[in-house]
């Protein structure tokens, strides 16, 4: 156990050192002057502008807006997926339908439906929420569907034996039992939502006042503030890592790993 | 393993010796965009004007001035065309390039269908205004108009939405999503021919006089290292413009299929009041001064020589005593 | 007759319908199980012994016949008949041992107060010998301990009947006999009625007051053997062996060729320390000796 922990720490340390070395190479390479700073700014410049952009409140506001849209899109996707998966659980016909729709639409990148969504919903934040929803709903449904299907029949019967049925049975037995799948679904959904929100804003450029990080990068690109473009990318990476490594790992350690329910 | 690498190496050596000998004609990589504004490029291509001068043009098409700028920076193109503001943003950030020619003077303005909106002051926070991209000439002109009418260049920044012209025109005509579109021909003409669609502000009311909507640029490297190719570029584009100006009917017939318009419509657009294909630049300094004051760029060119090559300086001239008309037209 | 205390099964039949054919699993079962009785059901594979248990639990609807519990017809699953499965998955892996028991008390609304739920849970966990393991998660337990939790959970809601579907079938021989002794003790302490399905002759003799021998195709009652051997029952008792031979012959008479498994238990009985590998090679040996037609 302790040995294992030390291994993990060593690995993380090794990775951090490597990243730091890469960053140092970046700075040194940029300082040689072999490349025009327009294409390849110094890391120190990138960090300096990033701090300026954070201090000015711009990055924070953009980040807040992106996360706000993602929260809406993901919430909608979770509700949709829950309804679809529960209906599919109740009726084999609906299950066939859900599987068919999933097979057709799941491979479609969320961003590719953007032109249609703009036609239907206009260019406001609503469209971005719709793209986020579309990007994240399929992995959620797929995992929820598989998760509910893989609940052992014995557990359901134990629940029935104790007088549970309908919503109580779903809430007390099916959902917890399918939780490892639900968590995986949420993880994939989050990653896709995060990518979709940035991509959507970079395609149609949300309105100036209410854009997220995608719009930040998009705008900085047109004003040729390349250091800020890198800064925006940093923020996207860092937030992605925080949610993935801290939030999801934290939940996973306290749930499926503690319960011995990790999916292999 | 070693044999294979020797083989690959020798192949590479042979290829590197052989390739230049095949590419006999000198190549000019030209970064343009699509639309009525770029008609001279289409004519030069169709009439093989560059080839007549003995060079081979490589035509590249991009979706925005920003993209053309990136093509020039990365060396994907030698010369390109974009609005004065994107050019100035690049110049401000140290892009090694200058203006090689004016390109076209066209009517431009903000179109709306909403009877409630008669001036910039009538835009409510939820009314969206489409521009092709941030920092585009349309965006800067809107900012100029905002400063004049509303007292702040950024007054309507929160209403902006970046959309390519065709999408924005479709959205405006179907009255979906956006309330107004800052646009150029032919979208401007198309939108204005819809019942109830009208201009709230236009180029001359904002700028005071006509200005070059686009300019042709060349990198310093290209200008310094390939002077012959550079002068061919300037001359060939000039030839194409002159031909359009003097043969509107023939030009319309040539261009109509490209734009998927009827010949009549194309001709109507080419002869629209204000259209002028000319290599003479207008308004170069006017944009720089405004953009500096509004904070879009950090410095103003000390003289035209900072941003234009010699052929442009010669074209504008430098009158002893009071400025000439063309010199005056460079300001606002 | 119908007002009698305990469980009365009247003329119960069950037919499963699949797309292409119907399989009659049970036919004309009549059985009465008195209050507090310990009844074993034994039979060859596929004789419908599990189906019978599932019909009693009302997980399956009988095609014909009915079930009366204390004179009342019971058609839905309920906490008066609690099932303990063979499958280790019957525990909820996301709940600790104690919470698994509390879950039953809470879901069945048997006990509403959380503090009382906890006390009850600890009482029953103590009864099955799991004191000290209350805060473990199921995945941290051995197979035998898991089955103890399942028994504690089933008992905690104080059912009238405990239905046990080969609960020790997946355990090794030593754990198995330990749990058999434990179950006997628990039965004596709680006075609960137990219906215990097994295919292990030893197990049926050690545990039951009566042994219901089923035969297959369709599943019906072959005979019922009263088991009055003195407790605690020992396999070294000559009477035990007589009973063993009797049930064995009943099962064999039913199938003609006894199932490999049954014959194996006969051999395994001689050598309790059989490892898995030896068991498998033994199975092979029996197969070779009696090639299936």
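A, B and C are the chain letters, set down in written order, and residue numbers restart from 1 in every chain.
Definition applied: a residue touches a chain if its C-beta (ideal position, glycine included) is under 8 Å from a C-beta of that chain, and two chains touch if they have at least 3 such contacts.
Source: prediction; values computed, not measured.
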{"item": "Innermost chain by mean C-alpha position", "value": "A"}
{"item": "Of all other chains, the one whose Cα centre sits farthest from chain A", "value": "C"}
{"item": "Separation of chain A from chain C, taking each centre as the mean of its C-alpha atoms, in whole Å", "value": "48"}
{"item": "Approximate Å spacing (C-alpha centroids) for the pair chain B, chain C", "value": "85"}
{"item": "Interchain centroid distance [CA atoms averaged], chain A/chain B, Å", "value": "39"}
{"item": "For chain A, residues that touch 2 or more chains besides their own", "value": "none"}
{"item": "In the complex, chain A residues that touch chain B", "value": "36-39, 115, 118-119, 121-124, 204-210, 218-219, 221-225"}
{"item": "Interfacial residue positions of chain B with respect to chain A in the complex", "value": "64, 66, 69, 73-74, 86, 89-90, 92-96, 125, 128, 130, 133-136, 157-163, 167, 171, 176-178, 296"}
{"item": "Chain A to chain C touching residues, read off their complex", "value": "152, 154-155, 157-164, 168, 172-173, 176-177, 179, 255, 258-261"}
{"item": "Partner chain A, residues of chain C touching it in the complex", "value": "57, 59, 77-79, 81-83, 85, 87, 89-90, 92-94, 103-104, 107-109, 137-140, 157"}
